[in-house]
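Presented below is the structure to which this report refers.
Naming follows writing order (A, B, C, D and E), and every chain is counted from residue 1.
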Amino acid sequence: MDLATIIGLVLAMAAILGGQALEGGSIESIMQPTAALIVLGGTFGACLVSFPLRAAIKSFKAVAKVFQESRLDNREVISEIIRYANKARKEGIISLEAEVQNASDPFLRKALTMAVDGVEPKILRETMEMEIGNLEEEGEHPIKFWEAAGGYSPTIGILGAVLGLIHVMENLSDPSKLGSGIAVAFVATVYGVGLANLVYLPFSAKLKLKLKADMLVKEIIFIGVISILEGENPRLIEDKLKSFVQDKAEGAEDKASGREQRAA
Amino acid sequence: MDLATIIGLVLAMAAILGGQALEGGSIESIMQPTAALIVLGGTFGACLVSFPLRAAIKSFKAVAKVFQESRLDNREVISEIIRYANKARKEGIISLEAEVQNASDPFLRKALTMAVDGVEPKILRETMEMEIGNLEEEGEHPIKFWEAAGGYSPTIGILGAVLGLIHVMENLSDPSKLGSGIAVAFVATVYGVGLANLVYLPFSAKLKLKLKADMLVKEIIFIGVISILEGENPRLIEDKLKSFVQDKAEGAEDKASGREQRAA
Amino acid sequence: MDLATIIGLVLAMAAILGGQALEGGSIESIMQPTAALIVLGGTFGACLVSFPLRAAIKSFKAVAKVFQESRLDNREVISEIIRYANKARKEGIISLEAEVQNASDPFLRKALTMAVDGVEPKILRETMEMEIGNLEEEGEHPIKFWEAAGGYSPTIGILGAVLGLIHVMENLSDPSKLGSGIAVAFVATVYGVGLANLVYLPFSAKLKLKLKADMLVKEIIFIGVISILEGENPRLIEDKLKSFVQDKAEGAEDKASGREQRAA
Amino acid sequence: MDLATIIGLVLAMAAILGGQALEGGSIESIMQPTAALIVLGGTFGACLVSFPLRAAIKSFKAVAKVFQESRLDNREVISEIIRYANKARKEGIISLEAEVQNASDPFLRKALTMAVDGVEPKILRETMEMEIGNLEEEGEHPIKFWEAAGGYSPTIGILGAVLGLIHVMENLSDPSKLGSGIAVAFVATVYGVGLANLVYLPFSAKLKLKLKADMLVKEIIFIGVISILEGENPRLIEDKLKSFVQDKAEGAEDKASGREQRAA
Amino acid sequence: MDLATIIGLVLAMAAILGGQALEGGSIESIMQPTAALIVLGGTFGACLVSFPLRAAIKSFKAVAKVFQESRLDNREVISEIIRYANKARKEGIISLEAEVQNASDPFLRKALTMAVDGVEPKILRETMEMEIGNLEEEGEHPIKFWEAAGGYSPTIGILGAVLGLIHVMENLSDPSKLGSGIAVAFVATVYGVGLANLVYLPFSAKLKLKLKADMLVKEIIFIGVISILEGENPRLIEDKLKSFVQDKAEGAEDKASGREQRAA
C-alpha cells in the first residue's frame, strides 16, 4: 500500500467535502450525474482519440500501481547480483545456467541468460539498453495518459459549465430558477478542476516517480550483469552498485563511517 | 479502423449532447451557424497564415490517418529483412537485385536498391539518416498544424463570445433579449473549447504516436539494411531487430524463456 | 505571393466580420480608435522595451516576407553547385574564380570565394558554420519579436478592458450608459486577442518555417562547397544534395524507382 | 538567517494586510477557517498523492533551509582541501588517514577516505559523480514538491470559490446574504493564489538556488580530491578551485589585479 | 541611452494614459496608493523570498543597464586583440606584460595576464571557460528576477482585486458605493498586469539580449587570447574574429565582396 496516495486522497476529499458541509452546503448539491457524464465522457473521449486503445487500457490498469508500495530498497537485487558475480568468478559464467531460471526479475533473468549463452558483451549491452529504453517508453504511456486527462478535464468542465449557463440564460424569464441553474452549471467546473488536480495530475506525478524507481533497478541490473560478464571483482561491483541504494543524506555519512571502520 | 478514435469521438459527443439533453437543453440552442463561421473561419484562417498552403492541405489529408489502424506488429517487415539477409549471405548482395522491386516499403526498397547499386556503406548510412530525418519532419507538419489549431481555437471562441457580448451590451435596453443573446454568445466558446479539446489536440496527439510507430519501422529497416551490407550473421540481425517488436512487458518474459529453452 | 497568408487573413477577417454582420452587430461598434490606441501602443511599447530598436525595425520589415512565396524548390541551387563541382574537378578549383562573382546566393559566393582563395578546409568549415549560426540568429529576431507581441497583446487588451470597466463602474449611477460602456471596454479585448491570434502569432509561425527553409539552402551550400573543396565526385555530391529536395513521400518512391531503372 | 526570506514574507504580509486595512476591510473578513481547510487540505492532499510520503516529509523539513543563511563563501572548504593537498604532496596520500575523520563535509570525508583506501581514480571519479547525482536528485524533491503545491493551490482555491458560489446561488432567494456569501467564497481564491505566489513558489525558487550553491561545494570537493589523487601541484589546485569563489564581477577585477601584482 | 527602451516606455504610457483620457476617464481614478502598496509589496515580497538579498539588490541595479546603449560594435576589442597578436608574434608573448594593464576589458586583462604569466594553454582555457560560465550565470540573476516579478505581479494584482471585491460584497447593502468599490478593486489588476507586461517582462527580455551581446565579447576575447597563445597568424585570427561582427545580412555581402576584391 502506498500510504501517501491513500492519505492524500482521504485528506483532499475530507477537506473539500468537510468544508462544504461546514459552510452549510449539502453534499447532494454537488452530486450531479449529468455534470459527471459530461466531464467524464468528454475527458476520456478526448483521451481515447489521443491514445491507442491498448495504451488507454494499460493506463487504467496502471492506476493499481499508484496504490502499491514502491520497492525503495534495492539491496536484495544487489545481493542477488553479487551472489551471481561470486559464483561466476569462481566457477565461470557458464555455472550460472541453472540458477538463472530463478532470478527474481525478468529483466535480470533475460540479461543473465544472454550472458550465459555467450552473447558478445557489445551485443548484450546494446540489447539491454534497447530493452531498458523500451520498458521506459512503455512505462511513460500511463504517465502521459493521465497527464493528458488532467489537461482535458478542466476545459471539459468549463465546457459543461458554459453549456449549463446557456441553458440558464435561455430561461431568464423564470428568475426563480436562475440561481439553482447556475449552481448546477458550476458543478461541471468543480468536477473538471477537482478530478484534474486531485486525481489525474497527481496520479501521473506518482507514476512518474515510480517509473524512475523501476528504471533504477534495471540500471543496477544492467551495470551488474555487464560487470559480471567483464569479470570484474565482485567486491568492486558491490561498491559500485551500492552507490545506488544509500539512504542518501544519512547514508552518505553511514557509508563513509563504514569505510572508515574498514580502513581502520 | 482505429477503434479508439471512433469510440473516443462517439463517447465524447454522446456524453456532451446526452448531458445537454438530460438537462433539458435543446440541441438546436447550441447549433449556431454564425458562431461556427466565426470559430472555424478564424481558427483555420490563423492556421493558414501560420503554415504554407501545402502543409495545410497535407494536414487535412492526415486526418484520415487518425482513423486508420496503426501497424503495431513489425514482425513482417523483419521477416522480409531476414529473408534478404539470408539470400545476401548465401548468394551475395547483388542477388537481391530482382527481389528488391517487390519490397513492401518504399524506404526499404530505396535502401536496398542503393545497397545493390554498390553505394558505399558510409554514404548509404548518411543518405538513409537524412531520409529518415526528412520523413520525420514531413510527418511533424500535421502534428504541429492541429496543435496550432488547438491553440488558436479556444481564443477565437472567446473572441466570438466577446463580440456577441458586445452586441448584447449595446442592446441592454431590451432586457428580454438579454439572456438569449448571452446564450448565443457563449456558443462560440463551446465551439472553440470543444473543437480544440475533443478534436484538434487529440488528433495531434494521435498523429504523434502514429508517426513514432512509423519511424520505428524506418529505424528497423535502417539497422537491417546496414547490417546486411556489413555482412552480419542473419541470426544476429534477427536478434537485434526483434528487440523492437516484443510485446513489451509480457514479451520480456517470453523472450527470456524462449532463450532459456534454446539454451537448454 | 504566399497564397496561404493571403487566404488565411481574408478567411479570418471575412468569418469574423461576416459573423458579426450576420448577428446584426454593426462593424462600427467594434471600431474604437481609443481601444486600438491602447492595445497597439501598449503592445509595441512593451516590444520596444524588450528588443533593441534595430531588431524592432527589422521585425517590421520581415512582415513583407510573410507575404512572399518561399522558394520550396532547391534544385536550381543544387544544379549550380554541381556545375561548379564539375568544373572544379576538371580544371581545378582555381578555375571557379571568374564564375564565382555571379553565384546566385551571397552565402554561396562567399564560401566559394574563400575556397578559391585557398582557405584551409578546417577554417572554411568553421567560418561557414559560424556564418550559418549568425544568419539563423539574425533570422530569429523577427520570430521572437512577433511572438513577444503575441504574448503582450492579449494582456494589454485585458488591461484596456479593465480600464474601460473601471470607467463604467464609476458611472454606475447612469445605468443607461452601462451596456454601451461595457461594450466599448470589451472591444480592447477583441483587439488584443484578435491581433495576437490572427496576426502576430501566425506571422511568427510562418517566419519560423520560412527561416527553416532558408537555412536548408545554406546547409545545401555548406555541404556542397565542402564537398567540392574535398574533391568529391560530382555525381556523389549530387546524390547527397538531392536528399534535401525530394518531394518527400512521393519523392521517396520516385527516387527509388529512378534508381531501379538505372540499376536495371 | 536568510534575511531576504524574512524581509520578503514580512513585506508581502504587511503590504497585503496593510492594504486591506487601509481600504477599510477587516482582517477577520479574510479569516475563514473553512476556506483554509479546503485550500490547505486539497493542496497537500494532491501533493501526497503526487509524491511518496518520505519525499513529502523531507519537503516540510526543507522549509527550515529557506530561512537559513546560505554558505556563500566557499573559501574555507578550499583552504581545507589545499591543506590536504599540501600534506599529501609532502608525506603521501596515506598520511591523510588520521585527518580525514575530521573533514568538515561528509562528502569530502567520504571522497578522501576512498582516496586513502587506495581506490582507483577511475572508480573514485565514477562513485563521486554518482554520489553528486544522488545528492542533487534528493535535493530536487523538495523543490518539485513546493512547485507542485504552487501549481495545485490556485486551482484548489478556485474550486473552493466555485463551491462557495454554488452554495450562494442555491440561496438566491435571500438576497441579503448574497454579498457576504460571495465574499466568503472569494476568500478561498485569496488563500489559493496567495499561498502559491507568496509561499510555495518562492520557497521552491529559493530552495533551487540553495541546492545550486550546495552542489557547487560538492563540485569543488570533487575537483579538489581528484586533483590531490592525481598528485597535482597544490598551487595549481588552488588556482583552479578559486575560480569557483570569486565575488564575481568585482572579483574578476580583483583576481586579475592580484595576478598582475604577482606577475609584477 | 537605449532609445528603444525610452521610446517603448513613453509610447506605452502615452497610449494607455491617453486612451484613458480620451475615454473621459480621469487619471486620478487609476491612482490608488493602496492598490500600489498591495501589488508592489506583494510582488517584491515574493521576489525576496525567491532570491537571495544580494541577487535582488543586483537586479535593481541592473535596471540601469536596460536604459544604457549596448555596445553593438565589437570591432574595437578585435583591433585591440589583433594589436596584441601582432606584438606577441614579433616580440614574444612576454612583451605584452606592460600593455596588458591597460587592456580595455577586465576579462581580457585577466586572460592576457595569465597568458603572459606562462599559464599552460589547457589551464588557461579551462579557467576562461569557467570564468565565462560564472559571468553568464551572474548575468542571468537579474533576468530571472524580473521574469519572476513578471510572473508574480499579475496574480498579486488579481489577489488585490479579489480582496477589494470581498470588501465590496460585504457592503452590498449600500449599492451606491458598489460601482466605485469595484473600480478601486480593478485598479490592482491594472497595476499587476500593466507592470508585468510593460515593465518587468520587457526589462527581463532586454537584459537577456544585452547579456548575450556581453557574452559575445567574452567569447571573442576567449578565442582571440587562445589563438595568440597558440601563436596563430594574426591575419587568420582577425578573419576568425570578424565573423562575429559583421552587420549580418548586409555584412555577408560586404565581406564576400571585400574578399573578392582581395582575391582579384
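By definition in this document, a residue touches a chain if its C-beta (ideal position, glycine included) is under 8 Å from a C-beta of that chain, and two chains touch if they have at least 3 such contacts.
Since the structure is predicted, the reported quantities are computational estimates derived from the model, not experimental observations.
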Touching chain C and also chain E, the following chains: none
How big is the gap, in whole Å, between where the Cα atoms of chain D centre and where those of chain E centre? 25
Approximate Å spacing (C-alpha centroids) for the pair chain A, chain C: 41
Sequence positions of chain A contacting 2 or more other chains: none
Does the chain-touch network form a line, ring, star, complete graph or other? ring
Which chains make up the ring, listed in order from chain A with chain B immediately after it? A, B, C, E, D
Which residues, counting only chain B, touch chain A once they are in their complex? 2-5, 7-16, 18-20, 22-25, 29-30, 66, 70, 72, 154, 176, 178-180, 182-183, 186-187, 189-190, 193-194, 196-199, 201-203, 205-206, 209, 236, 239-240, 243-244, 246, 248-249, 252-253, 255-256, 259-260, 262-263
In the complex, go through chain A and note every residue touching chain B. 34-35, 37-38, 40-42, 44-56, 97, 100-101, 106-107, 109-110, 113-114, 116-117, 123, 126-127, 130-131, 134-135, 138, 148, 152, 155-156, 158-160, 162-173, 184
